[in-house]
Each structure stands twice: as structure tokens, then as C-alpha cells.
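Read from first to last, the chains carry the letters A, B, C and D; within each, the first residue is number 1.
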Amino acid sequence: MNVSFFRELLDSIVDRSRALTALTLGNGANDDAVELARQLLSRRGESSGAILAQQILNAYRRLDQAGKLAFFNMLSTDFMPDTNAVLQAAERFSKSPSSSTLRALSTALDSPRQEFFRRLNFAPGGTQAIVRMREDLLDLLKEHPDLRAVDDDIVHLFGSWFNRGFLVLRRIDWSTPADILEKIIQYEAVHEINGWDDLKRRLDPHDRRCYAFFHPSLVDDPLIFVEVALVDDVPGSIDGLITAEAAASTEAPRTAVFYSISNCQKGLAGISFGNFLIKQVVTDLAREVPSLRTFVTLSPVPGFRAWLDGERRRESSEVLSPSEIATLAVLDEEGWHTDPERLKLLKPLLCELAAHYFLREKRANGQPLDPVARFHLGNGARLERINWPGDLSPRGIAQAAGLMVNYLYDPKDIEKNHEAYAEHGRVVASPSVVKLSKVNRSKRLPALAS
Amino acid sequence: MNVSFFRELLDSIVDRSRALTALTLGNGANDDAVELARQLLSRRGESSGAILAQQILNAYRRLDQAGKLAFFNMLSTDFMPDTNAVLQAAERFSKSPSSSTLRALSTALDSPRQEFFRRLNFAPGGTQAIVRMREDLLDLLKEHPDLRAVDDDIVHLFGSWFNRGFLVLRRIDWSTPADILEKIIQYEAVHEINGWDDLKRRLDPHDRRCYAFFHPSLVDDPLIFVEVALVDDVPGSIDGLITAEAAASTEAPRTAVFYSISNCQKGLAGISFGNFLIKQVVTDLAREVPSLRTFVTLSPVPGFRAWLDGERRRESSEVLSPSEIATLAVLDEEGWHTDPERLKLLKPLLCELAAHYFLREKRANGQPLDPVARFHLGNGARLERINWPGDLSPRGIAQAAGLMVNYLYDPKDIEKNHEAYAEHGRVVASPSVVKLSKVNRSKRLPALAS
Amino acid sequence: MNVSFFRELLDSIVDRSRALTALTLGNGANDDAVELARQLLSRRGESSGAILAQQILNAYRRLDQAGKLAFFNMLSTDFMPDTNAVLQAAERFSKSPSSSTLRALSTALDSPRQEFFRRLNFAPGGTQAIVRMREDLLDLLKEHPDLRAVDDDIVHLFGSWFNRGFLVLRRIDWSTPADILEKIIQYEAVHEINGWDDLKRRLDPHDRRCYAFFHPSLVDDPLIFVEVALVDDVPGSIDGLITAEAAASTEAPRTAVFYSISNCQKGLAGISFGNFLIKQVVTDLAREVPSLRTFVTLSPVPGFRAWLDGERRRESSEVLSPSEIATLAVLDEEGWHTDPERLKLLKPLLCELAAHYFLREKRANGQPLDPVARFHLGNGARLERINWPGDLSPRGIAQAAGLMVNYLYDPKDIEKNHEAYAEHGRVVASPSVVKLSKVNRSKRLPALAS
Amino acid sequence: MNVSFFRELLDSIVDRSRALTALTLGNGANDDAVELARQLLSRRGESSGAILAQQILNAYRRLDQAGKLAFFNMLSTDFMPDTNAVLQAAERFSKSPSSSTLRALSTALDSPRQEFFRRLNFAPGGTQAIVRMREDLLDLLKEHPDLRAVDDDIVHLFGSWFNRGFLVLRRIDWSTPADILEKIIQYEAVHEINGWDDLKRRLDPHDRRCYAFFHPSLVDDPLIFVEVALVDDVPGSIDGLITAEAAASTEAPRTAVFYSISNCQKGLAGISFGNFLIKQVVTDLAREVPSLRTFVTLSPVPGFRAWLDGERRRESSEVLSPSEIATLAVLDEEGWHTDPERLKLLKPLLCELAAHYFLREKRANGQPLDPVARFHLGNGARLERINWPGDLSPRGIAQAAGLMVNYLYDPKDIEKNHEAYAEHGRVVASPSVVKLSKVNRSKRLPALAS
């Protein structure tokens, strides 16, 4: 594999994209995105696809909300498969199921929209434009659920285009171009980055790492990134972790903490990268820093407070006793989170409740209530430790009454954990968490299977 | 768009591929490609997709023909959509066609094979391996047409993966890495490259150009390339064009001749790049060399001799008169192609017959007999000139009785020509070719519509 | 010339430098910079130069001020040419001057120090280390002028190493790595950059440019950079130029303003790059932005206030009349610079005095008093316009009583201007400045030759 | 250190060089290289150095031999230091030697030629042009020794410009650009490369390596390169080493054989890189291929046959006995080198004579007769083994009567060996070679000190 030729080769993509930027819109002869879209799927599209695609992207950019809605409506109604053809093919298949009738049915079902988006991608910068287009579509979907079929087709394409095999992992550091770093600041969704000094601290090669996935056709824009701290021991609190001066002891850090994972592209919602990112970073870090023994997250618990407050308000909670509800009233008091007395009072109860929340509270489909838990457990991590107080920032209190947890990524257990979770809905947790959850807070709850 | 960051970013792909090459096959614990393939689509595949994918690729590489056939058979029979589910969905849709029943039908039809290949692509080097896999599959298809559904699924994926938006045009010159150049020598399919000196002449920046399409995930391997000569006038003969010393007059060449286009990847058969390649090169060359006025091919006519010999052997040809058949007997004589007398004798007749062949001889579907003609006319070129003798090499004589033709790419007519051809099957030709074809060689033929 | 190979090639330099950073100091056996320096010039240095050089750089880094002084003293006294040998060679040359005795004299004069520094440069990162070393030396020189011969030798080497032919011009923009941008903020010496937002505005591609010279062996560190604004008309005031929102009219800017030039490396003091930088940027900008007609600076006048205050204090100024001195007393008043009345009062007088200052006030060697004037006039620019008030910042008032000027770089006059200045000491100025200077403020001054 | 920024940075050098190539010579107003050279050192040169430099290079390229001679003569006579000034400075220094009179003398001796070449280097592509210029000069020197002072000045500059700290080591392999590889074929000076297939074999990553030094300003052209074979045991014969199919046993090769080192630039004759190259490659290989234990050359002995034939012809050789002379007559017979009998007869005698040649035959200055021996011994290698027959090619027979030797580079002994050689002229040899040399072939020779 030839590095330098490859590099030059890819510069061409960049040049092509630049050409787009420089391109003046020309005569503007046709500014009607809907009409152009029709042409793209017609004969003209076969011979002049790239030019038409570019005109559509230009025209689309000038559309207002109503224009965009009309555009997507057209895609939804006019570019769908031909119902009659599908009906006939379906009937033929029903009558005599064979590989050839199956094939015919499949062909009849092929959505012209997918071909439309494939051709739209011929334009320089097309991929990025389609991702932005889907951002708009997701907004419109809330009020126009009938556009969902359009989204389905885009998602199907994105599943192929953003295949993990095409993603590129890159370390982000202080020698990364400023425009990329600016986006890291802007996209950070978990623990806000307060300006360039804060960012520089988070990229300090001594004890920090940051990695992002990129796609060759979206080169300026990371897809997802993760921030890592290299430390000695599994941390229980975000406070101090982010702002900490590097400790001398981290010359041979034993623990890598994933303390923030942020998706960057709204237009790629539902296309999952986080699982791959974490595992790749674990692999790379293990090689780069051989002293590392433990790979662990320090994660928020965004659903905890809502659940807790629900139980507190419930007329007859099966989880909380009246005295416990009384204790939890402290959470409504001013200044409790800076008062050592009240913190001490709350701690044992909240830790038990957290363990209960993770291990026993489930959604209808048997999965845990907490979305972050679903993500990490689905990846094969195990719930390692309950930390309280872990995040006493206003946001940490509002979302999780101060709670944070660690999920452990142990390469040798990931597959087994994933299977236990995916097959049997089992929340894999460390013995200490399991023990916490077994405090018999409610006789009415079934015993935990573990 | 940031060039240097982009470059580094893409190096990561290279590194990942290298990692694969360096990878020893490990314990070889599981060497059963079929069993591994099943696991890739199971729970394990969700959490350990990249590792399983790599193991499958390793195992596949060690399969013999029988093993490969078994592997594809398994994909064909076990990884197809669930017929019952499709039947039910088809019936539900037939009863009440709606967007939701359509969606359900579409989901039921989704082939697990596509998901299989998507996951296979998680492995470093996966894309290249799947292209190679399809090479094997195409070989097997000849005797095992039942594997066609597997190929359909790969083609569907390749249509997304090798979208023109992801292809990169690169100029090939004497500073291109030797391993790439070696492949150019090896892949040249039209006019064989006789070693490195011949290649160097074909890359001489003074009056030659060579361009290739690459894909970010197949970086060592061009997908398709075209060779161009910059000359003064439209050439009629390949002899001399390739070996010519550069003429001084080409300081401001007026004509770019596309004299060879070669596909490189058998595994990408049917995924069309040539159309895009020619148009992109026309655009780029027009900018780089402003003196160029004419973009034209010098093309072989691979079907001409077979058609001609058929007519000669036919009992009562509607095309050839007995005296013409007598004249054409010269083609069977030893040494005719070096004898000025006989060449002179044959010329007018063969030129007329060539024009007839292109404009009046059609396949059942109304398209011209000649495959190269179908390609260029389908791209919107016009048949510009009949050249005889154009190629008196053994191959040129065997395929085309010495005939070559030029197709003209005139940017302002491409769309119109394409439409005339695609919509009405009309072979767009220059007035001189049309005139040649009007020689009334057979009263029985219908008049040409033009 | 092969771009991609070149790129890979140079990566090797980077890798070598990185290797240095990663290098642990090993046995640390010898930590004595002075002793190691002796060895570097001995037999050992011939075979183990790179290793010894590296050890010296490591040892030097740990020296305190006294240690550094001792180190340079040793270089000064021990590594000088052999006086006796020089004496003998000088006498031989005196007796019989010939090419061979000249050669022998030249050899005798060759300073071992130069060989020492050449060998020191064998170490990875050596060039940068020697530049830092000279920073220390320049500090020491103030109190230890006897070290000047050491500096002479370094300057001689730097003259070869930092030859303009080896310098690389690079545009600095928002996609430049953050670590380089951080240095731009830090090195800006004329108009301070207030953080990343200010920097981003100064790099806005719409109407700003920034260029820097780099050296292949000092790749992280710019040598010198210039900031440019693209505007319509020659500006007279820095206020507003830097903070200005981009005006719509700059779609086709006519004027490029060089408003800040900063040297970055103290250790390269006296090695001149500014002349080359400005001319290269003029050339490149003229090509990139064809609408540009005028290349001009907006420059500070660091010597004006000191000269003016001197004249004001002088018992009988030949330049200032008593009434003028009275008017200038306004400069000592609080708040004059925000008072339109007083500004109006001062303006004509200060403009005349400025013209006088530039055109008539000279140093002993006939050159103008003002150092910035010497730089630009020496480059072949002409003094184009007096601007008052041009810079009413505290610094602008303290240095130049608010004065700024424009120097014009007109490619077709540069050579002629340079010659007039270098040959005859003539300050080339625009007619309007000349006219201002001719106001007969002092009968005693000789008439201006122009 | 920032890799990608660095890469872009250096592309600028390439672009600048390309600009030169593209540059039309303009009005050709001044085509007189000598006159332009004068201007370059004048006032004009200060302000328009880069342009003048480029014009000189263009004009020089068009000079014929006589023109070049005139050009160098002018440099020799007109651009030398001012003799009177040197005389005065020399006298002043003689009278009162001080740092200030030394400095003045040194300044007086500064050759304007050096400044001339420094300014010539301002032109894009200047460095390469000056290297080519010196090629011409070295040719002329043979008949015009008076030009030596010009060469001295160039050599002095090259010593700074081509400092090892600025050189870049690059591996040459099959993915290296073809234009570079073509130069490797062309520059190979020891064992001719017979076309691209031979080259490919010599770059086979399985058991071959090739490394070259490059300079940032001479990027298309290697300075020196070395070819290495990775094998099991120290080889004694070149035959087979080069053409050998890779043996399976080289999975963990124990021995790296440097079998060819070629300088590439005649214009850099006398600027030594080989020493650095070998040591760097030893270091890099030791890291890359940990199984390597021995680093050894397989070297020609270019002076052996001439010495041997001299002794044979000498009336009363002190080295050869009459019977030995008789035996050696076999060397004049047809076909001896393919006849096992005669080879067997010659072997013991030639091996002894070879050991004698290396250890006892010295030049006037005490160094060994053989130039290759002087190079490797001077680098700190030891003479490891005498191989006969080692090279029975026509060249090997003509130069060395079939002899080849190995020099051993043992990192831990290099410094010591170098010292022994440089300080005491001792040829460090392995015990077996020493033993061979002790065969008492001449009672009159003094005993070897070892």
C-alpha cells in the first residue's frame, strides 16, 4: 500500500470540493429544485448527472422552509415505487415463489428516491450536502411523519456509504488544524469546552487523548469523537478530572477514562459509530500506552432524576418507603449539594437507588431505562461502579441528582456481555453494584436473576 | 477544505490496511468460512464484526474452487430473504396497499446477504477483498447461474460504494509509483504496452496524458484508465500514433485523442465508470490545454469482422452482392494488408460496409451490433469518421478487417446525442459517415431515418 | 518534480526530530557540555558526531546561566583559529601573494567553531537547538562583548543555512495547525493579537491574508510573517483596519495593505528575511487576486516621538519655531487625542514635521533616523503618504505622537528606488510628501535634492 | 512536530521549482551570463537577486564549453578577495594580533564568489543548478587547475548546505515514483542493474532493502544510495547474491549485507555522505529487523589487480617468489576462471596475497592502497573476510582478479576502530585475515604491529 500516492490521490477529492465552492452559479437558468430533481432521474440525468446534481444542490440551498417541504413532499409522492407494479409483482410471487419472481418483486420495490440520492451524490460535495439535507428532513419529520419513507431511503444509503470500513480514525491534538478544533469545541455535547485554553488542556499529550471518526467525503467534519483521560485510578467524579493539572504519577497511567463521547452530525442520526469508535480507541491506546490495564467510562445518567422524581411523586411507590421519600426531600432544598452533612445523609440511599434503577427498572421491551446505559451495555461493557456525588454541576443535578457511573470495557468480556444483554436483556454489572442493588428495598420486586 | 489534515486522515486508511497485511493469522482456531459467515450475521457479529470479518477473509483466501462454490452456495440458499415472511408481507400489501405495508414488504425483502457483505467490509482491506470475491463469483456464475442472486446483492452494494461521488481522478505520469505503473502495463486491454520504455513514451507530458479513477478503499489499484494523445489532427490510424515521436507542431495541440480505455477490476464488471471518466478528462484537459478544440476517440470495431464474415458466408446476403463477395475474398489471401494494390481495391467497399454496419445493423433491441459503438453512443458521442486501414495488426485484422473509427465528444451535443440514442435508438453520425452509409447497397433495406 | 514522493521524503525529517523528543538520555555518562564539545571536534567526533552532538544538546539544555557563559567562553577561547598559524600564513602571503598562499591563509583562518557548529547540526533537531543557543548568546553578549567572535561564526553559518533558496513561503489560515497559530499570536510584535477570535478575523480569506517563511529544519516555527488586508483604498489609520467587518466592496479589492511584519526567532536576529518575504507575497498576491493594483504598507514610525520631543526640549531648535513649540504642548495635555478641536489644531503641523523627519533628519551615515523607514526604503519602497492621526493607541501616541505612514511597493520602481537609496542615500517619496517637506520651516536647512 | 503542515509547507518548494520549469525566458533582454553575474553582486543584486539569479541560470544553460570556461574564469579572477585589502589586513594582524584585527583579516578574505553563489541560490531550483555547474567545473579543472579557488568556494558552501542535519534518509521500494527508480538504475555504479525486473528483485521487501539520502532542495535526485540483502550468513560471492531467489530461511535473517553503495551527483564529489548513510541504515535496520546480528559489506577491491600485476612485473619483487609468479601466470590464461582445477591452484596464494595487500601495502601517507578499504576502515569498519573467488565477472577479474572482501560494521567497535585507523593508521582486521597476512611471504618485511 502506497502512502504518498494515496495522499495525492485524495487531494483530488479536496480539489473537486474546492471547485464547487469556487463555482459561481452560472446563468441560474433553472432554479427550480423540484423540476431539476425530476430531470436528474430522467434521460438527461443519465448523461448530465453531475451537472444537474450540482444545480439541485445550489437550488436547494436557496429554498426556504416551505420550499424544502415541497421538495421532500415531491420526493415522497412522486419518487416512490410504482404501486401497481409492486402489486403485480407481489401477486406473481405469491402465486409462484421462485428466485425469479422474488427478483422481480425486489426490482419493483426499488425506490427511485435511492437512485435520486445516488445521482445527487455525483456532485462535488454531494455527500456533505445530503447529510445537511437530512438534517432539514429530520426537523420536518416531526410535523410531517408521512415523509418517513424518504428518510428510510436516505438511511438505507447512509448505511452503505458510512460503512465502518470507510471510516477513518484520527487522533485530534494541538497540531490539528484550527478549523477542525473549532468544530470539536462546538460539537462537544457532554461536558462543554470553555474556549481554546480548556481545549488545549483536554488535548495535552501528557495525559489526554482525543480521537474522531472521519469520512473521506466529509473531511472537514468529524462524525463522532471521544475524549479520554489517562489516570491512575478509576475516577468517580467529573469535577477535577477535566480541570486537573497533570499528576506526576501518570508517567505510566493504568486507567483510560472515556469521559465524553459526542456525535457531530445531526444528519447522521441513527447511523451508529460509537460502538466502533470506543473499541478502536481501546485497541489503539492499549498498543500506544502499554501500562494501561483498565478501560472505563465516566458517564452521565441522564434518566435517573426523572425516574427518581416520578417515584417520589407516585402515590404509593413500590420502591421508596415514606421515610426514604422524606430523606429525598433534601434534594429540593437550597444548597444541599455544597453541604457535607446533607451529602452524607443522601449518599447511601442514592447509591442503592441508582443500583436499583440500573438493574431493575426496565422499559417495556426489557431494556434498561437509561439511554446511556443502553448504549454501553449494548456495546458489551459492564456497569462497574456507582459514583455519588459524581457531578454536582447544575446539569448533573438536574439530570441525575449528582450521579455518575463507570462502564468497564474489558476486551475479553465484551462479546459475552453483549450476548447476555442482547439475548437475555441481562444488565451485566460488577459484584459491588449487584450487591448494592440487592438491598431489599421492596419485597414486591422479583429477585434478580444473575 | 483542509488539504493537509485530509491527507493525514487518509493515511490512517493506509495504516489500517497495512496492519492487515502484517497480521499473522493467529491461532487459526476457526478456519471454516461458512461457519464464520453465519456468526458474522449473528449476535457475535454485532459486537465482534471487524474481527470475524477479518477471519472470514483469511479463511476464504485458503479455499479451493470447491470450497468457494460451497461458500457462495451457502450465501445463496441460507442468507436469502425468508420466503414465508415475504409471502405474508406481499399478501398484506396486496390486500391493503399503504406506505406501512409497502415498508413492511420492503423490509421482508431485505437480503441478509447485503448485511453480510456490509459487515464483511468492516475488516481492513475488506472492500478490495470483496471485489476479488466477486471475480471468483463471476467465474462460478457461468456454470452455476443459480448464484445470480448473490451477485445481484453485491452489485447493489457496489452501486452505492463505488458511486461516482467517491471516485477520484488521478493523472498517471512518470512520477507515479512504480507499482501503480506496473498495473497500468498489466491492465492495458486495447493496445498492449510493451515494457517500461513504451509506457514512458505513453506518459510523456509533452503530448500524452493518462488518467485513472481510484477509490479511497482500493488505493493501490486503478479502477479504469484512459490514454490520450495530444495531436494536431484527428488521426485515422493507430499505427504511428502510439509509437510517434512527438512532433514539434504539438506545442498548441488542437485535438485530444482517447486511444485506449481499459477497465482494471474484473470484480467490478457491470459497474460503469467509463462515461464519467471520459467526461471528466474532457473537462480537465480543456482547462489545462486551452488550445484543444476537438475531443475524439480512435476506437477499435471489435464486431465488424464477425459480422462481415457472416454476410460473406450467408447463402443469399441482403447486403453483399456476388461481385462484392468476390472482392472481399482478398481478405483471405496471404499478405493483402501489405500490398498497396489490394488495399486500394478493398478500401471503398470496406468503408461503405463499415458505415452500413454502424448505421443499419442492429441487435434485437434496436441497438447497434458493435459493443464499443454502444458504449460511446450511449455516452452521447457521435460516430465521426470511418478509417480504413486503421489497424493492420494481427488483432486489428482479425477483429475488424483493419477498420478503426473515431467517436467525437462535443460537450455541447453530448446531452442531445445521448437522448437521440437512448430514446429513439438513433446512431448519431457525422454527415460524411451518413453519406457513406447511403450508398444504396441493397434495395431491400429500408431508408435510414435521420 | 515529484510532489508526493517529496512529501514522504520530508516526513522523515519529522520522524527524526520526533525520535529526538522520545529519546531518553541513556546512561547520562557524560553530562559535561564543555568536555563533550571538545570531543565533538576530536577523532571521536568524526565517527560518532551525531551521537555526541545529541549529548551536547542535552547537556546544554541543563546548563544554568553560569554554565552557558562558561560554555561560550570555551568556544571563544579554545575553538578559535591558531594565532601562530594565522601569523605565519599571513606573513607568507605578504611576502609572496599568490593563489596558493591566499588559500593557505584562508585555511589557517577557518574557525574550528564553525566546524563545531556544523557537527552540532548532525543531531536531530540540531538547527533549532543552535538557533535557541544563539538566543542565549545574544543575551550574554550585552555583558560579554568578547563573545562576539563566537556570534560571528554562527552568523556566518546561518547565512548559508537560512539562504532564501531554502526558505518556504506558506499561507497561514484558519486551517493551519493550532500550534502554529498559537505561535503567530505569540510572535505578533506590531499590533497585538487579542486571542483566537481576533486571529480568526485576521485570517478571514474574504479580505485578509497572512504569510510566513519556514525552514525545513525549523518546521514548527515560522521565521517571519506578514499580515495583509485587502481593501479598496490606501488606509491612513490602523484603527478600524484591524477590527473592520469586511466591506462588500472588497469583492475586487484594489489595494493590498501590509499592516504588520513580525520576526519570530530572536536567535536569527540580523539574518534578514523581510525583504524577500514582502516581494514574494507581492508576487503571489498579484497572481491570486488580479484586481490588486497597489501594494502598500501601513507602518508605524517608532522614532518620531523621540525625535520630536528632543527638538521640543532643545534650547534653540533649528526645526521648531517658538509658536510651534507652544502648539505642540498640546501633546502633553490629557485627552487631546479624543478632542476634535485639538486634533484639528495639531494636524497640519505634525504632518509637516513628519515629512521633515523622514526627508531631512539623518543619522551620521546619511540614512534616515527611522528604523522602519530604513527597512522599507532599503527594500526599494517609496514613502507614499503621511497619515495623522493614524494610530491613537497608547503605544502609537508614545512612539509616534499618533503618526503612521504608507510605504509603496511598486514592482517596476523597486530596483530604481533601492539604488537611489543605497547609492546616494536618497529617500524616495511621493510628490505630496516631498511637497509637505518643502514647507520652509527652517531657513537654515539646506535645500532638498530631489 | 507537525507532519501534515510540514508536508504542505514543503510542497511550496516543489511549486516554486515547478514555476521555474514553466517559466519562459522572457524578453531574453540580457543573455550574457558574465555580465549578469556582475550585476548579481552589485546593488541590483541586493534588490533583484532572485530574478537575476534565475536569468544567470538560464543564460548559463545556453553556454557552450568555451562560454562556461569564460564564465568560471571571470569568477576566478574578478570575484576573488581584494589582494591589497588582504595584504593590509594581514600586516595589521601581524603587527598587532587581536580579535579585532583577526576579524578584519577574516572579512578581507571573504570571497565575493561565495556571496555570488549564495545569491545564485535565491533562484528556484538554484541548488540543483549549482550542483550541475560544479559538474562542469570539475571537468574543466582537469585542464584548468587555476580554477581551483572557485571550486574551493563551492565546496565550502556545499559543506554547509549539505550538512548531514539537512539530509533525509528514504527507503526506496517498488512504490517509489518511477522517475526516482529510473535514476537508481542509472546511478548504480558497482553492480549494474539490468532493467526494471532486476531492479524489482533488488527492492523485494522480503529480503532486500535500498535506502537513499535526499536533500530538500534536490528532491528528485538521490545523493547516494545503498543496496542491502538480508541473508543468513555472510556471503563471499556476489554471484548468486544479486540474482538469488529468496530463500525460505530468511524469515528471520541474521545478516544484512551492504553490497552496493553509489554516489549519484558528480557535482557533489568530495562531500562525503557514505559514512552517515551506512551508520543510519545500520541503526534503522537493527530496529526494523530485530533478528539481524551482523552488518557487513560485500565489497570490491578495485586496486588489487593493479598492485598484483605491478609486483608480477617487478624485476625483484619483495612480495612474490619466482614460483608464486609462475603460479600467477595462470591469471593470463584463457578460461582459468571457469576451470575448477586452476581455481583450486590459485586460491591459497591469492588469499594470502590479498591479506598482505590490505595489511602491509600502504600509500606514502600510511593509508592502505585500496580506496574502498580506506573508505570503510575510515568509517570504523574492520576487514572481516577475504573471499576468493568472489566476483568472476569480467570487471571483477580485471579489477581484482576475482577478489571480494567483507567489512564488518559492529556498532560497539566503530569508534575504537576508527580511532585506531585515524590515529595510528592501523588496519583493523579479523583474526583470520591477520593470520592469513602473517604467512611469511617476505622476510624483508617488518613484522606487523597488531
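Operating definition for what follows: a contact is a pair of C-beta atoms (placed from the backbone, for glycine too) under 8 Å apart; a residue touches a chain by one contact, two chains touch by 3 or more.
What you see is a predicted model; the values in this text were computed from it and never measured.
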For chain A and chain C, what is the smallest step count along a path of chains that touch one another?
1
Farthest chain from chain D by C-alpha centroid distance is chain A
CA centroid of chain B to CA centroid of chain D, Å
50
Using CA atom averages as chain centres, what separation in Å is found between chain A and chain B?
40
Computed distance of Cα centres, chain C from chain B, in Å:
59
Multi-chain contacts in chain D, i.e. residues touching at least two other chains, fall at 2-5, 7-8, 175-177, 179-180
In the complex, chain A residues that touch chain C:
3-5, 7-8, 174-182, 195-196, 200
Contact residues on chain D for chain C in the complex?
1-14, 17-18, 21, 43-44, 46-50, 80-81, 83, 86-87, 90-91, 93-94, 97, 99, 102-103, 105-106, 109, 118, 121-124, 126-127, 146, 148-149, 152, 157, 159-161, 163-166, 168-170, 176-177, 179-180, 214, 216-217, 219-220, 275-276, 279, 379-380, 414-415, 418-419, 422-423
